[in-house]
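Across the two complexes that follow, subunit A remains constant while its partner is subunit B and subsequently subunit C.
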Partner chain A sequence: MKPDPNAPRDHSLARLAAAMAPVLLLLILLPTFVETYQIQLVTYGLIAAIAALGFNLLLGYTGLLSFGHSAYFGLGAYTVAFVVQRLGPHSMEFYILIGIPVVAIASALFGYVCVRHTRIFFGILTLAISQVVYSLALKLYWVTGGSDGLRVPRPALLLGLLNFSGPRGFQQFITSYYYYVLAIFVVCVVLMWVVVHSPFGKALQAIRDNEVRARFLGLRIRRFRWISFLVSGTLTGLAGILWVPLNGLTTPDVLYWTFSGEIVFSALLGGFRNFTGPIVGGIVFTYLKTYAVATTEYWQLLLGVVLVTLVLVLPTGIVGGLSTLGLRLRKGRS
Partner chain B sequence: MEKTPTVTPTVNRRAFLNTLGVTVGGTGLIGAGLVGGSQLLKAAQDPAKGRVPDTPFRTGHMTFLTGAGAVLGEPSIKGHTMAAEEINAQGGLLGKRKIETITADEAAGTDACVKEVRRMKLDAKIDMFTGVISSGTSPAVGPVAEELGLLTILTDGCTDFLFDKAIPNPKYVFRITNIQSSDGITAAIGVAQTWPHVRKIAHIHPDYAYGRNASEHFTLALERLVPGTEVVSESWPKLFTTDFAAHITKIMSAQPDLLVASVWGGDYVAFYKQALRYGLFDKMKVASTIAFGVAPHAIGKDHPEGVLAGVHSNYYFTYPGGDRWPLNKSFVQRYFKRWNEYPNFQSEGAYMALYLLKSAIERANKLTGGWPEDEAIISQLEGLGIDAPSGYLYMRPDHQAYKDAVTGFSKNLPDYEFASWDPARIITIPIRNITAPLGWPKPGTTHNESTAAANWIKTTWPKVVG
Partner chain C sequence: MAFLTIQILNSLLYASVLFLIAAGLSLIFGVMRIINLAHGSLYAVGAYVTAWLVGRGIALGLPPGWLFLLLPLGALSVALIGIVIEPLLLRPFYRRAEEYQLLVTFGLIQILEDSIRFIWGGTPLSADALMDALPIIHIGGLLYPAYNLVVIGIGVVAALALWVAIYHTKFGVMLRATSQDRRMASALGLNVGLVYVMAFGIGCFMAGLGGAIVVPTQAAVLGMGIDALVIAFVVVVIGGLGSLKGALVGALVVSFVRTAGIQFFPELELAVLYLIAALVLLVRPTGLFGTA
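After this line comes the complex of A and B, so read on.
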C-alpha cells in the first residue's frame, strides 16, 4: 500500500473508533436494559455532553474561559420555540436546519467582539453578552413569554417518518429521540476529534500555550480564536436545539449565567485537559443535579461541596484523575 | 357564538355591584352550617366493594420548600400531610391503601420541575401528582402530566393559560384553586365598592404569568366598575425580588390614589416592610390580590390596617368564622393542633385535593368495585361537588374547580399575633358572577383575547356611569 499523506489523522480516528466502539455498543443496547426514565436522563446527559464538548474547544484547546455559553444554548432552544410558534412544521430536521445558522451567526457576531480580549476580560465580555440575551428573553414578555418561557411539543423525526401522537407517544418518543441524539452526538464527537487533531486544532493549542510564539510563527491569532469561538458556540447551540423538544419547554433559565456556570462545571468535572473529559462531565453532571434535586432540598449546597472538592482534590477532573491513576497502576506493575 | 355589542350597556355602580351579588360582612353563608361535626373525618359509610390491594397509594407533592415561595409552600405540604394522616388513620383510601408522599422542591426552577415530574412518575412510580404554586410552573408541568398519563390535582398555579391554551382539553390534570382571572376581578370589585373615588392608579406586579394576569383582569374589571381611572405608574419586579426600594420610590413619585399589588409570598412581606419605612401606606390606598396568601403568621403586627389584603380569592382561615361553618372551625382547630399555626389557602387547597380524590375513588368503587381505574376516578372527579372548610367546592367538568371568591381588609385583632382580616368587612362574591362560564370560547377560537375570562368581561359586562 502506498503511504497516505493523511495517515496520522486516519490513525488518530482509528484510535477514537477503537476507544468509542465498546461505549457506543453499550449505549446502543442501553434501552433494552433500562426504563424510559433512565433513557431520558442519558439523553439529557448526551446533550449536556455536546454542549460541554463545544465549550471545551474554547477552554481546553484555545485557553479562553467563556462564562456566557448559556447564550448559544439558549438561542438554539429559543430559535426552535420561535420556529414552532411562527412557522409551524413539527419536524426536528427543520428545527436543526433553521437553528444551526442562527446560532452560528450569533456566535460569529458575539465572538467577533469577545476575542478582542483574553483572560478575565474575555470572560466578562462573554458573561455580559449572555446576560443581555437573558434580559431580552425575560423582559420581552409578549414575545418570549418572559419567565414562563415557550412550549415546544414533540416533533416528528426523520422528515416525518416517525410520529408520536398515540397514547404511549411519550415513551416511544423518548426511545427514538435517544437514538436520534446518540447519532448526532457521535457525529459531533468525530467532528470535534478531527478539528482538534487537525493543523487548525494544533494551531489553537499553540496559541493557548504561548501566544507570542504563535504570533511569531505567523498565525493570525485573533482569527483563529474567532473561528474557534464560532465552532464552539455553534456546537453548544446545537445542544440547545436538541434539548428543547426533549424538555418540552424553554425558559430564560437556560440563558442565565448560572447555566453557563453549569457548562463550566461539567467541563471541570470531567476534566477540561482531556478530549473525553467534557463528555463524561456532561453526563455525570446531569445525573448529579437530577438526583441532588430529588434527594435533598439542600441540593445547591451539595453541588457546591462537589465543586470545591473537585478543585482541591481532582483538579484534572474525573477523566484526568482516572488516567493518572491508570498510569500509576501501570508503573507500579512494571 | 357571542358577539361584542356595538354599544356597551351602562348601569350605576350600586346596581351593578348588587347584580354581582357582592356581600360585605360575611353574611353570605349564614345558616349553611347545619351539618354537625366534620363530615370529612367520618369514615366511609359502607366498606369498599370488591378486592382492594393494600399497596400504598403514592403521591408526589411539588411545592416551594426553599426560598421566598416557601411561606406558601410550607402550608401546602402541611395541609397535604394532615389530610394524608387523617385518611391513613381510617385505614387509607377505601380503607386499604395508605397514602405515601414524596416531595419535590419547586424552587429548583421550571425546567427542573418538568424533569422532577417525569422522575416521580417514571422512576418513583407515583399514582398521583399534586401541589404546584407558581403560575410559571403549572403550564410547564401540566402538559407533562398529560403526556405521562399522570392523574394530577394542582393545588395552585392557577393561571387561566393552563386550561385556555397549554392543555385546552385536559384528561388527567385537575386544579382545585379558583382560576386566576377571578383574582384580579375580585380585587377590582373590592376597590370599586370601598374606594370608588380613586382615579390615579399605580401597579406593582411580579414579572411573570401571575402578575400579568392579575394586572390585566384588575384593569379590565375596574374600567367597567369605576370609569375615568388612569394608570400612572407600572412596576414589574422579578419574581422573588427582595429589594423594592427603587419600585417604592417610583410609585410614590407618581402620587397615585391607589396602588394595586400582586407580589406574593416572601416578596410581599419584604415589600410591605420596606413600604412602611417610606410611609407608602399613608400616602395611598393599597389593594392586593394576594397579600394575605402567605402563612398567616408570616405577616407581622406591623402590617398597616385597612389594606385590601386578598387571599388569591380563595380562603382565609377566619372565614366563615365562629360556629357558622363547623367544617372550617374544626379544620382550623385540627390544623393548629397539628402544626401550631394557622392554615392559609394553600393548606386548605392541598388538604381538600386529597379529600376530593378520596371522594371520587369511593364513588368509583361503588360503581365498579375493587380499586378503580384512573379513567373511573377521572369521570367521578368531573362535576364533583364537596363541602370544604372554605365553603362549597365544585369541580367543573372542564377540570377547573370553583368556590365563592373572598377578600378582606387587614386589621390588628387582639386574638392573633399577626394582622388578620377585619371580621366586619369581609367581601364574598358568588364565583359564577366573575368567571367565564363552562364552554365559553377559549382564546384562539372565536377571539384572540389573552383569556376566556377577558373576552367574557369585554362582551358581557356593562359599564358603570357616574
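After this line comes the complex of A and C, so read on.
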C-alpha cells in the first residue's frame, strides 16, 4: 500500500470547512425545494454515511475489515427501543445520552476480543459476534419482541422544545429531524477528520501499512487497534440510535449479517481509501438500495453483482475513481 | 444407556457434516491461502440441489434405492460451480490485498444466497424420502433412523479418502508442494493454476457433499449457509486453519458441545460454541493443530 501521491498536504480544519461549505449550504437549503419523501431519504443517507464513516476508521485507516458492524448499529437501535419501553421519556437527547455509553461499552468489550486477531480471523470473529447478538435478539423474544421487533414512537427534539404530536406532526418531524441529523453528521465528520489527522490517526495508518515497522517504532499496536475499534463501533452505534426514531421500528434485520454487508458495501462504493468515500458511499447506497428494492425482490443479488464488479473494476470506489479522473484531466491540460 | 448412545450417534452425525464443510474450507485455505467466505453458501447450494434432484427423482418414479445416487450428483454440481468460480472470480485477487479477496467472496455470498431464493423460493426444501427409504432400527428400546448411520459412514469414508489423497498420492504431493511454496512448485514445472482449480473444486465438492447428506435429515432452508460458515469457522479456529487433523478434532469438539448444549442450555448453545472458539483463540491463536 503506497502512500497516495496526490494526498492533500494541508490537513487543517479550514480545508475541510472550505470543501464542505458549498455541500453543507446545499443540504441546508434542500428542504425548501424537495418533498418530504426526498428529505426522509436524504436523512437515511446521512445516517448510513455516519455508519460507513465509523466503519471506515477500521477498514480504511486501521486495515481491519469488520463483517459485524451491524451488531453496533443494531445495539444502538435496540438500546433506544429499550429506553422507550422501560424508562419512558420521549427525548432524543436522552436516547443519545444513554445509547452512546451502551454501544461504546459493547464495542470496547467485543473489540477487545476481536483486535487480538487481524485479517480473516478478525473478519470472521466480528461476523460471529454479530450473529450471536442477532440470534439472541431473535430468541429472547420476551425482551426484544423476536422477529416483530420493537416500536419506537417519534421522540421530542432539543429537550422537549420540539414536539410532533399534531396532525401535521409527521412532516414537521421529518424536516426537523433532518436538520437534527445533519447537525450531528457535521459534528461526526469534523470529529473523524480530527481523529484521522491526529497523531493517533497517523499511528493507525502506520500500523495498517507496516505492522512490524510500527512495532519497532514503539507503538502499542493492539491498544491502538482497540481504541480504533471502540471509536468505529461507537460511531456506527450512533448511526443506529439516529436511525430508529426515523424508521419507527427496530427488528433483528439490522443485526443480521446482510446489514453488515450493506455497511461494507457503502464504504467500498464510495471508496475506502478516501476520507469522503464512505460519506458519498452511504448516501449513494441509500438511493441505490431504495431503487433496487423497488425494482426487484432480489436486490441482494443485484448488490452482490455490483460489489464483485466494483472490486474487480473500480477498487478505489466512486471518490477514488473521480479523483483519478480529475488528476488525469488536470495533467492533460497542463 | 440407550439415550446416551443416541446422543453420541447424533453428535457423530453432526460431526460428519461439519467435518466435510470445515475440511473443504481448510483445504482451500491451506493450498491457496484464501478464505472462501462463500463456503457455507456452497454447502447450502449442495443441500438445495440434492433436495431438488430427489424431488424430481420421486416425480419421475425412481425407486428409492436409486435416489441415493443423487447424493454425489448434488455434490458434483457444487464442485462444478467451484471450478467456474476459481478462475473467473478468485484468480485476479491472489496478488492483491487480502481485503479484496474477502470482499469478493462476501459479494459471492450475497449472489449465492439470493440465487437460492430466486431459484427455489423461500419455502424449505426437504428430501426425507431418502430417510424413509432406509429402515428404522432399535437401539435399546429407542428408535433410530438407519440413514443417520449412513451419514456417519460417509463422514468416516470422506475423512479417510481425503487423508489418503493428500498424504499417499502423487496429486497429494503436488498439492502439498504448492501449499508450501507456490513459486518453487511452479518453477519445478507444476501447473499451479490447475492445482488451484483442483483444490478449490475438491473443497467445494466436500461442502456440497456435506449439504447433500444433511438434507434428508433436515430440510434446506434460507440462511443455512451463513450458519454453516460461522460454525465451520469455529471448527477451524479450534482445530487450526489448514490442518486436516484440526478439522476432524474441531468438528468432533463442536458437535459434542452442541449436542450437550441443545440438551442442557438450548438458548445459549451457540454462545457456548463461540466462547470455546474465543478461548482457543486467546490461548492458542493458531488452533490446536494449526500452522498458519
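Keep this in mind: the second predicted complex is superposed on the first by the 322 of 334 C-alpha atoms of A that agree within 3 Å, B and C clash if a C-alpha of one lies under 4 Å from a C-alpha of the other, contacts with A are read in each partner's own complex, and residues count from 1 in each chain.
Basically, a contact is a pair of C-beta atoms (placed from the backbone, for glycine too) under 8 Å apart; a residue touches a chain by one contact, two chains touch by 3 or more.
Quick caveat: nothing in here was measured; it's all calculated off a predicted structure.
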### Task
Report for A:Leu75: first if it touches subunit B alone, second if subunit C alone, otherwise both or neither.
neither
### Query
With the two structures laid over each other on chain A, which partner does A:Leu204 touch: subunit B (first), subunit C (second), both, or neither?
neither
### Query
Is A:Val132 contacted by the first partner subunit B, the second partner subunit C, both or neither?
second
### Summary
Between subunit B and subunit C, the one with more contact residues on subunit A is chain C
### Message
Contact-wise, after the overlay, does A:Gln40 reach subunit B, subunit C, both or neither (first, second, both, neither)?
### Response
first
### Query
In the superposed arrangement, does A:Leu242 touch subunit B (first), subunit C (second), both or neither?
neither
### Query
What residues on subunit A does subunit C touch that subunit B touches too?
139
#### Entry: subunit C residues touching subunit A - in the complex, by the definition given at the top
35, 37, 89, 92-93, 96-100, 102-104, 106-115, 117-118, 226-227, 230, 233-234, 237, 267, 270-271, 274, 277-278, 281-282, 285
#### Entry: Complex contacts: residues of subunit A adjacent to subunit C
1, 59, 63, 65, 67, 113, 116-117, 119-121, 123-125, 127-129, 131-132, 135-136, 139-140, 257-258, 261, 264, 268, 298, 300-301, 303-305, 307-308, 311-312, 315
### Message
Quick check: in the complex, which residue numbers of subunit A touch subunit B?
### Response
35-38, 40, 44, 138-139, 141, 146-149, 151, 154, 167, 169-170, 247-249, 251, 253-254, 289-290, 293-294, 297, 299
### Message
Using the touch definition from the top, list the residues of subunit B that touch subunit A in their complex.
### Response
65-66, 104-105, 108-112, 114-116, 118-119, 122-123, 135-136, 139-140, 143-144, 147-149, 161, 166, 207-209, 212, 238-239
